[in-house]
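Labels A, B and C are assigned to the chains in the order they are written; within every chain, residues are numbered from 1.
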Amino acid sequence: MKHLKLKPRMLLAGALLGAAAFSPPLFAAEPSADAINAYAIDNFFLMISAVLVLFMQAGFALVETGLNAAKNAVNILFKNLMDMAVGAILFYFIGYGLMYPGEMFAGGWFGFGGTGISGASPEVAGGNLYPAVDFLFQVAFAATAATIVSGAVAGRMHFKAYLIYSAVISGLVYPLSGFWKWGGGWLNTLGFHDFAGSLLVHALGGFAGLAGAIVLGPRIGRFNADGSPNAMPGHNLALSTLGVFILLIGWYGFNPGSQLAIVGADNTNAVMMIATNTTLAACAGCCVALIFAWILFKKPDLTMALNGMLAGLVAITANCDAVTYDESLVIGAVGGLLVVLGIKLLDKLQIDDPVGAWPVHGLNGIWGGIAAWIFGGKPMVAQLIGSTVIPLWGFGTMLVLFLILKAFGILRVNKEDEMKGLDIAEHEEEAYYGFEIFTTQ
Amino acid sequence: MKHLKLKPRMLLAGALLGAAAFSPPLFAAEPSADAINAYAIDNFFLMISAVLVLFMQAGFALVETGLNAAKNAVNILFKNLMDMAVGAILFYFIGYGLMYPGEMFAGGWFGFGGTGISGASPEVAGGNLYPAVDFLFQVAFAATAATIVSGAVAGRMHFKAYLIYSAVISGLVYPLSGFWKWGGGWLNTLGFHDFAGSLLVHALGGFAGLAGAIVLGPRIGRFNADGSPNAMPGHNLALSTLGVFILLIGWYGFNPGSQLAIVGADNTNAVMMIATNTTLAACAGCCVALIFAWILFKKPDLTMALNGMLAGLVAITANCDAVTYDESLVIGAVGGLLVVLGIKLLDKLQIDDPVGAWPVHGLNGIWGGIAAWIFGGKPMVAQLIGSTVIPLWGFGTMLVLFLILKAFGILRVNKEDEMKGLDIAEHEEEAYYGFEIFTTQ
Amino acid sequence: MKHLKLKPRMLLAGALLGAAAFSPPLFAAEPSADAINAYAIDNFFLMISAVLVLFMQAGFALVETGLNAAKNAVNILFKNLMDMAVGAILFYFIGYGLMYPGEMFAGGWFGFGGTGISGASPEVAGGNLYPAVDFLFQVAFAATAATIVSGAVAGRMHFKAYLIYSAVISGLVYPLSGFWKWGGGWLNTLGFHDFAGSLLVHALGGFAGLAGAIVLGPRIGRFNADGSPNAMPGHNLALSTLGVFILLIGWYGFNPGSQLAIVGADNTNAVMMIATNTTLAACAGCCVALIFAWILFKKPDLTMALNGMLAGLVAITANCDAVTYDESLVIGAVGGLLVVLGIKLLDKLQIDDPVGAWPVHGLNGIWGGIAAWIFGGKPMVAQLIGSTVIPLWGFGTMLVLFLILKAFGILRVNKEDEMKGLDIAEHEEEAYYGFEIFTTQ
């Protein structure tokens, strides 16, 4: 998103304003009423987009909580909450500066030492975004990348270890690879296209979650001695369904907001097209996952349909600015197939990813990057490199981190605590006090 | 909403822009900075409105799920999800083109064959909305009409049959009657006024649901042999209350968004007035339903108050652009009375509408259309015709469809499956795995 | 918020417009295209802000419901619903006119007698807000002040008594003290600064709740004979967590919206800075409450972290326009400390505030007002006076009201009904029909 998108509009606006009779060279420093309005609109647009993306934190929390056992609900809700709280602070102090070093030096973007974000006070004519709103939008993305993992590692990880993970991904891992593309680094130079983060956000989180699921190992009872899987159903599909709806709503900030500007006919049209592409891919992913799982499992499965909608959303995220409506349907539909296949693959490999974080975000993140080549006309080599490197980066760095945490013996809770549930074991709190709940799993 | 509303603003804007010194006849083809800003604002406004209306899908899902038994929760959530997923795709391929044929021919609006929505690339000066955002807003309305029914037929309908119903209403029934008014058809020519769809969306869905409830017959145990009703309480009033709040929030996209433009003092003022009218009617409906039910049943009943708020919202939808604040209170208050009376009437008639979809959307949809005549000064004959024809259209077409499905034996689940609950019977999934839940109903 | 903020932008805009070639003195009465656009943007901005604040009603309902016993869920949801429904109508008829008498006389703002809000039809050039949107924004604030109390008095108050309380605070108490500051009254003259209502909304509600908690006395079993407290855990922390996320989202309307305008670089920048300050304070409050409670109680406690996030939000509300990002972190962090200490203090004093309404809204409301002096450079005396008077006003008026209700014997339910739960006793409704729930508390 950042950097590359903004220039055309600004040049256009500048040209128009320069020609305007009410803005003669004499008073060139004085912004025109048009420019003031445009500035308000673009900043308002990005702020609302940021709010929608922040709302996705609630969506992730509900999806993941609902798809897990009641005895771990407090733990999962808590992890999602802290992903945002810890993530925002670390992204403020460290991550944002790492990801956008140009901004940092120009405006003193590190939160300490200099004047902080406050220090930057751009002229209206000099840019279309006030730094704070850009920070807000970016921090919401960082929190999203972090929170994808919490589902994959649910039910068996120490809360403390999770907080360490969350700090590392928000403060270091996400910003560094984010810099490679959105900060103007080598992947950007290469011509890699990842419009709103199928790779940089979703595949990164999805593969980090995969690393966590592998290093942790499966939950007790998830696989039999012969390798066959046991279903461990979620405890509240109403929460999960609400979560998916909230994620869908949040995606209208995630994808359209990544245009970073709405003023200028090109921007306006792009934003509207992106919103519609996002919708169509989500719906196609949902329908195809429903049908495909229905054929495979002989029943219409709500969880699969929900994951199908998310798969379509992830898949369209890299390329929603570059494909047609019909292509969006195809991209989402393939996402719906992939998510079902990915869930079956993990079962085969005896990897326990309780919510399907890898099939949804990892596998479909890659598919989104490749679809930007196949349908979006982006350079093949760059797309293949980016769609390989980012997942490897997320997987590799987090594999190391989780192995270190494991070596220190602070990664996984003991067997007794796992059976009891993390809510009691780690937090001495029940999510549903007073309710009679069986804990057979 | 569509067509008729846009012209005045565009003429005004055109006049202003034509007189502007910086937009001389020489460069008339070049849009002015003002027009570019206005275009961004109007599109942004409609996009946010569409997002709010799409959020209503979550609201409906929660209201309906919470008001039904836990054993049918997955089924109801699933139906609401598919209403959107199936609905959006069918509306893209068929419905939108049927409803707005002018658009279709001008821009290739059918999703296949031609260039699809992408094909339309209007000049900024030629219209204030990019086609994609209009599609997004309209598709959200189509999904709303479809999803109203799922509550009325809850607990006893085959999932497959519901998918067929959902496809037919989104792809055919809603677009056809939508065309009569918003597409510029005969009801529009007649002078019928239905600003945001008390009739076209809500009464259509409400009467379709009534047809379903009648053809299906009541749930087992809903009525005694002597015709007296048994209450079958919902399993989660927290979800239902949250759902009503979400619907209220979504209505700020539904009604204000139906102005279709916010730029121009007339539009701006109308949008703000509509938002306030919507609020006042909702609150009046809630208070009056509370008081009226309190008198009737000797206790303050949350479900009635929630339905009262929805009733007020439905009732103000047709006329929110044409009445005063005080009148909005009256319209909402009458809605609150009607919903309580409607629920009692259905009990008398031994029609089982588990969530009160007909009293809320059907009865109050008609009331909204009539109130546009009584308070909004719209022509009596046109209002009476529109408020009769649309409900009959929804009821009649769906009665035929449900009777066909019944004739094929695929409408209603068998007795055993109904008792077991649709979640297990149809989906082999539990909404609340691990929870001890009585299934006496 | 109101009155003082608007002038600078309007002057600026006026100057710019006056100089514009396309708006010569000849047609001075005709608003320029720029002014028309600016008018649309500002109104749209405030409308979306109002919608976000109204969404907070859902957040409060969920937080409070989840933190209380299942047997009182219907009652709490109902109270929150009626806070909005009753509050909006009374604020329309009485409150708004009391709070903004200038508006009332200029435009006939009392809902009856005169032309109502409809009567006001300001020229675009004469103000940047259509009255209806200002009303909508203000009414959302009034409902917020009212609904804070419902958590503090949960589990033991008659529904009827609560409705009386709700009407009095929305219609009289909140508007009167609101007038002192935002309506241009004596606190405003004094130079008191409360940007978005740490005092006027939150401390007012928090101290009103404290009065209620004291007059009602603790729930049965909350304190032992020796004064030691018994925990009475909430029944649904998933709802509470979702509620906090919704409140966070709503705060992006509450604080940024209180700028009341977004057009003009000063306004745009202020709105963006306020949104970021709000985020940072929320996250700091959450982290610090987590750590502090972890040290005190030897476990990471979700409820404390949730209340910490809310504490940070309340604390930044008075001063978010006047402090830096780093200062926001400090203000939020102190809020996180205060909320934990406040909860312990209430336990010591044997005051039963089931959700921590006073520590979150009361104590941190005062802290917000004082922080506006310490960090925001606002006059010490004015801040100290305002931060004392408003809490006293809320506490005093409500103490009198609750004592009157108590004297009439309609305040607290009897012991049997309290044990049974208010849902059955007051509403003959269960929130979770069919679920097996223990009611040991």
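As a working rule, contacts are C-beta pairs under 8 Å (C-beta built on N, C-alpha and C of every residue); 3 or more make two chains touch, one makes a residue touch a chain.
Here's who's who by UniProt: A, B, C = Ammonium transporter.
Bear in mind that the values here come from a model prediction, so they are computed numbers and not experimental data.
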Rotating chain A (Ammonium transporter) so that its CA atoms sit on those of chain B (Ammonium transporter): what angle is that, to a multiple of 5 degrees?
120
Same or different, please, for the chain B (Ammonium transporter) to chain C (Ammonium transporter) contact, judged on whether over half of the interface numbers appear on both copies.
different
Inter-chain centre distance, chain B (Ammonium transporter) versus chain C (Ammonium transporter) - centres from mean C-alpha coordinates, in Å:
31
Residues of chain C (Ammonium transporter) engaged with two or more neighbouring chains:
21-22, 32, 34, 37, 41, 44, 48, 236, 432, 435-436
Residue ranges of chain B (Ammonium transporter) touching chain A (Ammonium transporter) (in the complex, touch as defined)
21-22, 30-34, 36-37, 39-41, 43-44, 47-48, 50-51, 54-55, 57-58, 61-62, 65, 73-74, 77-78, 80-82, 84-86, 88-89, 92, 111-112, 115-118, 121, 124, 130-133, 135-136, 139, 159, 236, 239, 426-436
Going by the contact rule set out above, which residues of chain A (Ammonium transporter) touch chain B (Ammonium transporter) in the complex?
13, 16-17, 19-22, 32, 34-35, 37-38, 41, 44-45, 48, 52, 69-70, 233-238, 241-242, 244-246, 248-249, 252, 256, 262-265, 267-269, 271-273, 275-276, 279-280, 282-284, 286-287, 290, 299-303, 305-306, 309, 324-326, 329, 432, 435-441
